[in-house]
Amino acid sequence: MSDKLMIGGREFQSRFILGSGKFSLELIKAVIEHGEAEMVTLALRRANAGGEENILDYIPNNITLLPNTSGARNAEEAVRIARLSRELGCGEFVKVEVMSDSKYLLPDNYETTKATEILAKEGFVVMPYMYPDLYAARSLVDAGAAAVMPLGSPIGSNKGLSTKDFIQILVDEIDLPIIVDAGLGRPSQACEAMEMGVDAIMCNTAVATAGNVALMAKAFKQSIEAGRNAYLAGLGRVLEFEGEASSPLTGFLEG
Amino acid sequence: MSDKLMIGGREFQSRFILGSGKFSLELIKAVIEHGEAEMVTLALRRANAGGEENILDYIPNNITLLPNTSGARNAEEAVRIARLSRELGCGEFVKVEVMSDSKYLLPDNYETTKATEILAKEGFVVMPYMYPDLYAARSLVDAGAAAVMPLGSPIGSNKGLSTKDFIQILVDEIDLPIIVDAGLGRPSQACEAMEMGVDAIMCNTAVATAGNVALMAKAFKQSIEAGRNAYLAGLGRVLEFEGEASSPLTGFLEG
Amino acid sequence: MSDKLMIGGREFQSRFILGSGKFSLELIKAVIEHGEAEMVTLALRRANAGGEENILDYIPNNITLLPNTSGARNAEEAVRIARLSRELGCGEFVKVEVMSDSKYLLPDNYETTKATEILAKEGFVVMPYMYPDLYAARSLVDAGAAAVMPLGSPIGSNKGLSTKDFIQILVDEIDLPIIVDAGLGRPSQACEAMEMGVDAIMCNTAVATAGNVALMAKAFKQSIEAGRNAYLAGLGRVLEFEGEASSPLTGFLEG
Amino acid sequence: MSDKLMIGGREFQSRFILGSGKFSLELIKAVIEHGEAEMVTLALRRANAGGEENILDYIPNNITLLPNTSGARNAEEAVRIARLSRELGCGEFVKVEVMSDSKYLLPDNYETTKATEILAKEGFVVMPYMYPDLYAARSLVDAGAAAVMPLGSPIGSNKGLSTKDFIQILVDEIDLPIIVDAGLGRPSQACEAMEMGVDAIMCNTAVATAGNVALMAKAFKQSIEAGRNAYLAGLGRVLEFEGEASSPLTGFLEG
């Protein structure tokens, strides 16, 4: 079957985007392999041009890098980080993250949209991290985003789909890939999001804090495929009680 | 890895038990293949010795049959059906179901335990369908059950793990395979049960009512494996807010 | 309006039964007053005939005492405690609790039913604490119970209505007062149970562990009345999106 | 106790704001009385200066009117409606609603903030209906809002607190009254919001669609007071299992 995800003109088999922020460099390769991820985020500060260890040495060549603008507190800072990233050879993809709030690390939709507009015009494939507000998502479409990445619940909370009803609205109304990012703590939650018609999942904390990191990456991969297949298969309905009687025993015993 | 499920001295790779009650016979083979099920339930009335179509002709030889006592309203009827099943060549495994209530189709733990005791003494591998009550589960252990099959939520309701807190108690306290049976409507719910440490899942309605039955069987298989792997990997914890600050942008830009 | 609760031939205005197990004696009176409770449980060990402080001195005369059989591990022990209670002058009402499990403190439905049958024949007004199993509830009806007291979630857990789907079944099928007991940690959970058609609520831990115990008792009282009124008023339905458009602005501005 | 709600310099005993949009005029008075509401919303189109029936004739004098800008699709329209409302004698209070989306009727935070800023400068007491986004709430504070009214779930859905985690953030971070508006379908949901520390509740559909409208208004009033009292009393904690053993029976029986 050719059920592929298209972002920025590139084709992906995998619908699991791996956040690399909390791994030791030694683990990244194994996690990518077990998770069969094809796109991996990258905080620029880990891709220094300097002499030290460089995360890029640990990521296979066929992986699409998704540098993020982690640390940006407004649109201007996000734009600067994105440009630096491209200069450093990290490619055209960028995950725009703007958080002026340092307690809850919630995305600032307004600044995010401004940065998205600027970067899209400069030829970036912009994937903004956002708070799932329908109006903001529409503005991001207008601004030239290549996908939208609504949060499932506050980052690092592992709470799952706190924003479920509003992500469903984005799935139904926004004509871009919807990628749930942040807050998913268990594979079952990733599966649930995919069952709703979400296009892909990004995950970091839940994998990074597992006892066996590589095996958890595999679990997420499997659950994401399961959810996608369930969505494609068409879920049955939740039924009310209807006394769906098995045929009576007597009929059988006497039959 | 040798993570196998043992029931009645038999070893299973698959943790997905397929209920066959609502399929057309033509579909069963495809569903078993896509779901990679190794155990399939069977209502005796579909395994008639007579001249008509026989479900057994559609189930591959390497599959363990799990005849159920569907239709039994008390222990005595369940015992009669189980014996008939063995005489008809359906093997030693039996899923004991006793439901005197015809509206909610809830299992009657008391009658179920009586039937389990009788059948276990006759050499059956008894897997009782039960309401997840800790005391009843202990009685079933004493009665010789080979596994216990607590319901997730009322049969056919697709509501998922309504009984979650009590199934967790069974997982923690009962030293037999715990198989969640009934009520799971989506792969994410099966995954969630497996993440809790449940040993296997039985599913019928959710697969049978899907748009694409074989693909949904595959989705359940994948989600069950995902949940099992997550359990083995060790889930990370749900965290409270802790201001897990990314390193400040300024440090990076000036660095 | 004459919406009264009848138990054992006695009429109650209040649908809030107060568990007294975790209070200092000094607080009980205030809690009863603020909660406007008319029935209060009593562990026999706090109603000693001896010279020390006696809880009965702190409970107003118009309150119906509900001695419980706390500590009983089987039917026989429960029966002994109940009889002692009556001899000590605590009246005809008794809450039968039998828990052989000391970890989760779950009620043992089988032993509870046996004790209920014996005590009902001896003229007690028996209110058994139970695990919400439809079959067990029916057995308790047959055994002569005056009400059934299903647990909402494991005692002391404050988790609310973990057993919601099964309590609804009791409400719909059992022709006795249904009193949710154990596990309710917040007034909103008591309200939710009452909205479902439950007849009364028993609560102890949530009140006893509040910062202001008397005010929390009042909060439970109010929420229970709110839930009862909502049930009587008839809840509106949860609607799907239907574009319930306000009349257009233009019409107004030009009108 | 002097636990009062202050909005725009006015003091309220009641924390229940009644939406009047879906009532027949005959019912409003009874609903206000049973709900003990002190503030009632008003769509301008129902307050015509013309000769027909005027909703203002049905609302007691001591009630604070809260005209809304229902129908506004952008800031400019909201401002026009608010000014008209003041000219018609509906007072200084205004609930700013701006919805350009006509399917889900979600508030447009950006346009809402613009309107809030203009109207606050003109001396209105502005209570904006909003999507619960922390950044938007901060902008509304800066714009001069007198309270913020985040939605609980999509309007008319009766789904309760879909946005719970994000409303909690507003409660913790925003130094204005937080009023949950829209989506609450049952008193228990209003109670739950109040337990979290929300300052008031606005409700319309759930009351208007009840079987007995006045009794449901009373149920909401009671549940809101219950939730407030629980918040003030200090909720106990949800505990893990801890084997909180009752004192052993033997001790009692032998004592």
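As written, the chain order gives the labels A, B, C and D, with residue 1 at the start of each chain.
The criterion applied here is as follows: a contact is a pair of C-beta atoms (placed from the backbone, for glycine too) under 8 Å apart; a residue touches a chain by one contact, two chains touch by 3 or more.
The structure presented is a predicted model; accordingly, all values stated were derived computationally and were not measured.
Enquirer: Among the chains, which is located farthest from chain D on the basis of C-alpha centroids?
Expert: Relative to chain D, the chain whose C-alpha centre sits farthest away is B.
Enquirer: Could you work out how far the Cα centre of chain A sits from that of chain D, in whole Å?
Expert: 34
Enquirer: Which integer distance in Å separates the CA centroid of chain C from that of chain D?
Expert: For chain C versus chain D, the centre distance works out to 31 Å.
Enquirer: So how far apart, in whole Å, are chain B and chain D when each is placed at the average of its C-alpha atoms?
Expert: Here the centre of chain D sits 46 Å away from the centre of chain B.
Enquirer: List, in ascending order, every residue of chain C touching at least 2 other chains.
Expert: 103-104, 154, 157, 159
Enquirer: Chain contact graph: line, ring, star, complete or other?
Expert: Per interface graph, the chains form a ring.
Enquirer: Any two chains that touch count here, so list every such pair.
Expert: Touching chain pairs, listed by label, come out as A-B, A-D, B-C, C-D.
Enquirer: Which positions of chain D touch chain C when the two form their complex?
Expert: Residue list for chain D touching chain C: 21, 43-45, 48, 70-73, 77, 80-81, 102-105, 154-159, 185-189, 191-192, 195, 205-206, 208-213, 215-216, 218-223, 225-227, 229-230, 232-249, 251-253, 255.
Enquirer: If we count contacts the way the header does, which residues on chain D are in touch with chain A in the complex?
Expert: Contact set of chain D toward chain A: 100-101, 103-104, 106, 108-110, 131, 133-135, 153-154, 157, 159, 162-166, 169, 173.
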